[in-house]
Amino acid sequence: MSNGLRITVWNEGVHEAGGHPASMATDYPDGMHGAIADGLAQLIPDATIRTAVLADPEHGLTEQVLAETDVLLWWGHIAHERVADEVVERVQRHVLGGMGLLVLHSGHFSKIFIRLMGTTCSLKWRNEGERELVWTVDPTHPIAHGIPHPLVIPHQEMYGEFFDIPDPDDLVFISSFTGGEVFRSGVTFHRGRGRIFYFSPGDQEYPVYQQDGIRQVLANGVKWAAQPDLPRVAPAVEHPARDWFAS
Amino acid sequence: MSNGLRITVWNEGVHEAGGHPASMATDYPDGMHGAIADGLAQLIPDATIRTAVLADPEHGLTEQVLAETDVLLWWGHIAHERVADEVVERVQRHVLGGMGLLVLHSGHFSKIFIRLMGTTCSLKWRNEGERELVWTVDPTHPIAHGIPHPLVIPHQEMYGEFFDIPDPDDLVFISSFTGGEVFRSGVTFHRGRGRIFYFSPGDQEYPVYQQDGIRQVLANGVKWAAQPDLPRVAPAVEHPARDWFAS
Amino acid sequence: MSNGLRITVWNEGVHEAGGHPASMATDYPDGMHGAIADGLAQLIPDATIRTAVLADPEHGLTEQVLAETDVLLWWGHIAHERVADEVVERVQRHVLGGMGLLVLHSGHFSKIFIRLMGTTCSLKWRNEGERELVWTVDPTHPIAHGIPHPLVIPHQEMYGEFFDIPDPDDLVFISSFTGGEVFRSGVTFHRGRGRIFYFSPGDQEYPVYQQDGIRQVLANGVKWAAQPDLPRVAPAVEHPARDWFAS
Amino acid sequence: MSNGLRITVWNEGVHEAGGHPASMATDYPDGMHGAIADGLAQLIPDATIRTAVLADPEHGLTEQVLAETDVLLWWGHIAHERVADEVVERVQRHVLGGMGLLVLHSGHFSKIFIRLMGTTCSLKWRNEGERELVWTVDPTHPIAHGIPHPLVIPHQEMYGEFFDIPDPDDLVFISSFTGGEVFRSGVTFHRGRGRIFYFSPGDQEYPVYQQDGIRQVLANGVKWAAQPDLPRVAPAVEHPARDWFAS
């Protein structure tokens, strides 16, 4: 039995199930969650990694799964509204209690991210397969360690400002695109006891999660967001009882 | 017709309606919202000020009222759960679109504040009528202009750390209490296009809102949060349409 | 006699005096400080504006001039080392005491900026006349009001990350360049009682300060940095006497 | 030979050498630097710890010592002006290049801290042996792990707001004192590649550095500030050569 980090990679899995885009079959034969999990397994060898999808009972995110998860990664795009509110509240509760969360790409519009940010999380976008350059603006941040400056992604959907989020705790990466747009592509937050990292590269149409530098960012992000020694607390968000945090 | 700021003071009004505590009749003959509105009227003479309470239709916060409000003040305590979710979403939408919001005292547990923060907003508390000292830690902040250092409140409920909020944009005031606790008592945020100021002093049992220094803080906060020249946009939070912000 | 803001535009003036580059004669017939002052005079009509250059006695920045200045703008490039340390300390003292400061373009390597930041303030650069796009990432910031998104500068020197500064208070603008680099081009700080805005566009080889959008940014920056009602205090930086700030 | 962290504890050592206050002989028989080094040795057993004082050649802070130091701790009080500017510049260069720095108590007025902050670093103070309570306001910060809430210091010099520093990256601790003052007593910054932690408790008149909780904070701070895997770069601060950081 491993003593390593316990990671859960969540993907709505709807593009995969539907076989669109057609490139999915070659770019991601095991789904995007499979590719992400593979990359983490390579770079954090002693981690215990599981995957979960929307179609699983309770979306695969039961109370027990979350209680045994140090860091959850979240990918969603066309099925945000199909995620049950009850599961979203459960995930939020665990984040506030100390679970790490990585929100990826179009996950900016997920219920869980909007709920943790309190804003619309909207942005500009255009899908023309442009080159994205990811620049490090905080070279001492653990998430930036070993990442090329810039990290070059040959083909990507453009995400541009204005990105409607609260001021991040740390601004780690800023991207530019062929069209000249810029985007705060790597930002951190903490909410309650939990650490959150949003990272925008990654899309169902491009094999971004197969790229070494991207995989390194995700592994760095997971290690940064994990707090395995912090006792998990269980705050109630909707029916607040005062002083839960002091217990 | 006035060209001044348009201010709406919201109070659940349940303590007032119920006549408890008994001191309310002498401390706040016109309710806490009445006292707050009086203070603002003195210090921002050209403002148009209205009040609204929970018992009003739609809690007095119709689409039209919010559209005509530059800054909303929010006081709530024992009836947070009775505020309709539809109204909370409407207020959030207006804040993200540019309306200023001042959240007061026990409003830290209001639905609107929790929703905008994404955290539990819990804190420590003890009601023994202790002395509170409010110290300025950002003397150049507009909200601190003209405020005594410290501002002395003879009798107050203690609010103490840990206060479970995201890192504020600006930390303006820190309070201490007779018992030795400390609290980040004046903090600012922005969410979307709106500016938010949380200020903890003020309680149904003590005539805090009758105090000059407190009134000055509230007037400063209103002036800081108001952006009357910014066109109000109308973001959809729950069913995000991309690019609303760019329009 | 005007009641408006008192602005001092400082330029080393060495490019102008030396007549290089040759384009200076047509781009900036009155020097860069002249062009900057003209723009401010148009947009802040009741301001009192003076200019000063390195060759002036005490570089034109006497105790009296600074005491009568609400906001100082600083442009320097090839003569940073020729600015007297005594004048730099005097400027720092006034900034800490409440004077606003706008640092422009190659002023990132000025003694005053390095001294206020505590870092090297170094960056990447390349001068090939590339197109710069200035994107707003904080649309509610007063400095961003009325600025095009993006603001297009046809030809500019490239400034790129990593930019070695402390985390800014507010990140207002991010630029991209033809080559794909990004730069935090508009950032704010406060130090002591003074407000500081660094804005990177502007160069001796391109008529950037003749552009309307740029002039609007500078005028917004001046209005934001000015605190005319704040009594100027006079802190001693090098031989600290405790409690000066409380007096 | 140890692979552990390399720590240098610097103390001006003037109180110790002069035998004042008289309590020093019993409170700190090996000097404050001795007590601090003892605490770190207990809590970070594999660390290599050295001490250095003002009276040492080059104050014990040669180029080689700094090159072999992961984290430097700094205590000074009555001899700030006797620290050679050349040594201060050397320390700054190493901090910007990646060395961690802990500045303790009256070190707020040290040349190195003022230089890195760019402000006066002044504060209020009163020495009457008051009780200090150190409250955690960021419970997930590594420096706060295992620290009592509050940490009680029976007798201390009071340090109070306003504390003239730039906005910290992280606000970890806020203290209150018997007299009711508050102080941001644990704050972090980064400058260049280096991490800085200022912690205010600790004084020559009280045996604060003998206290368990205080020793835990210092050990946590050292571990947080250390970046042993980050290659040390050597920026020039006063005669900037562009692009040093990119090399």
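Which chain is which? They are A, B, C and D, in the order written, and residues in each are numbered from 1.
The rule is simple: a residue touches a chain if its C-beta (ideal position, glycine included) is under 8 Å from a C-beta of that chain, and two chains touch if they have at least 3 such contacts.
This is a predicted model, so every value here is computed, not measured.
Shared contact partners of chain A and chain B, listed by label: C, D. Of the two chain pairs examined here, B-C and C-D, it is C-D that is joined by more C-beta pairs in contact.
Chain C has its Cα centroid 36 Å from the Cα centroid of chain B. Rounded to whole angstrom, the centroid-to-centroid distance between chain B and chain D, based on C-alpha atoms, equals 38 Å.
With each centre defined as the average position of its C-alpha atoms, the distance from chain C to chain D rounds to 33 Å.
Residue positions of chain C touching 2 or more other chains, listed in rising order: 139, 149, 162, 167, 190, 245-246. Residue ranges of chain C in contact with chain A, taken from their complex: 131, 133, 135-137, 139, 149-150, 160-163, 167, 171, 174-176, 180-182, 184. Chain D meets chain C in the complex at residues 81, 92, 96, 109, 114-125, 162, 164, 166-167, 169, 189-192, 235-237, 239-246. Those residues of chain C that touch chain B in the complex are listed here as 98, 139-140, 145, 149, 190, 193-195, 227, 229-230, 245-246.
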